[in-house]
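Several structures are given next for inspection.
Heads up, the next two complexes both have chain A, just with different partners, chain B and then chain C.
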Partner chain A sequence: MSYDDFILVWQQYPKILEAFGNTLMLIVISGSVSMMLGIFLTPMLMSRRKAISLSVSVYCESMRCMPFLLFVYMIYFGLPSAGIQLSNWTTGIVALILYNAAYMAIFLRGAWQDIPKETIEAGRAYGFYGFKLFRRVIMPLMLMRAIPMVGNQWVQIVKDSAFLGIIAVTELTAAMNSIQSTNFIPFASFLSAVLLYWLISLVIELVTSLFTRYAQVRRT
Partner chain B sequence: MTPPENAEQTSSTSRASRVLQLQGISKSFADNEVLKDISLNVDRGQVLCLIGPSGCGKSTLLRCINWLETPDAGRVILNGQRFGVHKSGAKMRDGDLARMRSRVAMVFQHFALWPHLSVIDNIMASPLHVQHRDRQEVREEAIALLEKVGLADKAEMFPSSLSGGQKQRVGIARALAMKPELLLFDEPTSALDPMLVGEVLGVIRDLADEGATMVIVTHEMEFARQVASQVIFMSDGHIAEAGPPEEFFAAPKSDKAKQFLARFHQHLKARSAPAVER
Partner chain C sequence: MNAYDYWSIFQGSFTTVGVSLAGVLVGLPLGLCLALLRWAQMPVSRQIAYLYVSIIRSCPAVTLVMLIYFGSPQIGVSLSPLVAAMITMAVTASAFSSEIWRSSLLAFDRQQYDAALAFGMPRFTRVWRIVLPQIWRSSLPGLINETTMLIKSSPAIAVIGMVEITRAAQRVGARTYDPLPPLMVGLALYVVIIFALVRLQRRLELSGNRLEPIQ
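Up next is the complex of A and B:
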């Protein structure tokens, strides 16, 4: 490995930046949608109706014990045989969302259970119920408790997105793989990719710490 | 407040001003019978103090009044309307129950403020989002209430930066903002440092002077003696004794109450009672 290897890699910066942009897009879309889906699923996990809570928790647990790579294959090959045709891109995003939303729902439930009972009860005593109770009292407190875990899950999404090369989504890892294989400079290519992923993770860390600071006085 | 034994006598004269009626309330948790056939009335402007040893069911009774606990048997009637059951006999749905609950305001032992909302937003939340009142009007009232409880300068702070006494005064302001027909206090000072008890009791006493209708669960005997129109002494889930405070504290009739007050007076000698700020 030498300095020249890196120059060779970065001479193909249009390709790298395009793939980097694609990765960013995958992360932003699937991160925010899976967070919203997670928030939507949490009240179902907590539902007093056994049929609802049980079916959502079966979904969450099955995501949790399935390797992401396998899940991507199952969606990629499974959906067409069920008559649903999606582009590779859409398949990738759907896989990221479904997989990570389950994780989000599981730790959001934990955050909900961590809210003091009396705080929620005060909401009920003051006439809040159902969706309004969730929206005004439970959800804000649940999210503030879950900030570090949400941040972790976004980092997890960053790493999971690297798998999508296997279904021909041109994200960062796939692009770097193609660069290294045409020029035989694996280390420089992959290290460049790692540095870019690291950059994304740093930004996520930064945003997480900003939210944590916001939540500090509002949490207890 | 009228003691249960002469409820019949006064019911015809003061029906219009009867705020709360409890009739035969019973409640069990698993095999433990916490409330046994409790009946009592509270009229407008009266202050009912519920006292008794820990575990006697006072807090559970209070929580039955706004249906945070559902009684196993008996009726809770708020200004003529029954909690939990419609006139037609149909069971109330969550929305109807919530609407009834919002006519009663509760002050909690551990304050139970909403930590994610600023002081003023805590006070405004239910008037805005449950009662759907005009924002400007609610805001002005909230500011006035904060002045009343002496916390006008804390409006934009978050509960986490307040002392216990300040939190509880915000809790009281939050309750008053509902314009409730009845105020419930669940041991409002027992989670406070002795130094902070006086400021909270002072606010409650002002409310009593202004004619608020209240049910207060408390361990502050001196305070109960001063503000109560009626004292109810509970023991083992039933009303052991009820009467005006002068009579109850000077000459308790039941043995249980005598023992309880004797123990309390011993305790008083050990530490001086908190002064009530006026």
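Up next is the complex of A and C:
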């Protein structure tokens, strides 16, 4: 391990930057879509109809018990026997979205239960009901309360995305692995990967803290 | 799938649980040390501990295990996959548990520490007798929660050739050309492990409530 190793790694910056871009793309797409899906699933979790709330909570709980890699294998190797064949990229994005949407829904449910009853009652008294009550009263308060948890889950998405290298998605860890195996410089290349992941999560933490400050001003 | 396939997946759970357990046993005390370093506000080591926790917490388990396994020969030690996997789990557990220990330490009433000082207790006794029994109880739920997270990240050790539940299930699937049933068996094993931990957490929370700390 020496200083030269890092230079050797970073001489291949087109490859690294491409993989870094892929990782960023995976994170941004799956993070935002799973957040939206989570917002969509939360009212179903809180639904008074037992069939809906039960089926969604079975989905959420089974995701919570499953390691991400097992879920990826289920989609990548398991679905073809059911007649659905997805490419490795589609598998990666679909798995990241479905897996993390369950976590998002659970956090959002927690945030919903944390909203004071009086606020929702007041919304009802003003004539809000059904979807409009959710859209105008519950959702903003719920999202503001859930910001720190959602930010943590984004960091979790960053960490999960590294598993996708196993099914040949060219993300950061997979690219660094191919660089280290051609040049025999494992320490420098993986350390670079670790630092790049750190950079991503620092940005996520920064954005989360900005949103938290925004929410604190408007907290009820 | 024949009986041997079921057995081989079940054997994988020994690896999953064993490696995670080793990681927890080494990682939790290490995390406590890191948290105490930050709590004691020692000038340089505090910043180093913060940097370590921040980097490791954002580092994917796959990358970390490859860094440790492939990188260790470059600094002159050649690790077996098992040892590398255990070190990875310990490093991850130390970073995560340090955050939990730290939040308990911040909630800890510092007056008790000062009172112990007034009684003339030496530093180690103060931490061991006064601080630790109380923060241990308040951080236990969080620590068990982190252990389930650790178990969920444990398939990462498959990339260096360890055969744990997920890898064992995938191997059976590759042999029988029907991958879904073995993966379901694997999932069932994870559900059992994680549910056992959640039950343990609930039990400990209940028994912890009975022993209210002295205010």
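A few remarks follow.
As a convention for this text, the second predicted complex is superposed on the first by the 220 of 220 C-alpha atoms of A that agree within 3 Å, B and C clash if a C-alpha of one lies under 4 Å from a C-alpha of the other, contacts with A are read in each partner's own complex, and residues count from 1 in each chain.
Definition applied: contacts are C-beta pairs under 8 Å (C-beta built on N, C-alpha and C of every residue); 3 or more make two chains touch, one makes a residue touch a chain.
Values in this document were obtained by computation on a predicted structure and should not be read as measured data.
Residue contacts after overlaying the shared chain place A:Gly123 against chain B, while chain C stays out of touching range. One of chain B and chain C touches more residues of chain A, and that partner is C.
In the superposed model, A:Arg219 makes contact with chain B only, not with chain C. Residue contacts after overlaying the shared chain place A:Met144 against chain B, while chain C stays out of touching range.
By the touch criterion defined above, A:Lys132 lies against chain B but remains apart from chain C after alignment on the C-alpha atoms of chain A. In the superposition on chain A, contact of A:Leu70 is made with chain C only, not with chain B. In the superposed model, A:Ala51 lies in contact with neither chain B nor chain C.
Against chain B, the residues of chain A that register as touching in their complex are 116, 118-119, 121-130, 132, 136-137, 140-141, 144, 217-220. Partner chain A is touched in their complex by these residues of chain C: 54-55, 57-64, 66-67, 70-71, 73-75, 151-156, 158-159, 165-166, 169-170, 173, 178-180, 183, 186-187, 190-191, 194-195. Interface residues of chain A facing chain C in the complex, by the touch rule stated above, are 1, 62, 64-70, 73-74, 77-78, 81-82, 155, 158-163, 165-166, 172-173, 176-177, 180, 185-187, 190-191, 193-195, 197-198, 200-202. Put simply, chain B touches chain A in their complex at residues 66, 68, 94-95, 97-99, 101-102, 104-106, 108, 110, 112-117, 125-126, 129-131, 158, 160-161, 174, 178.
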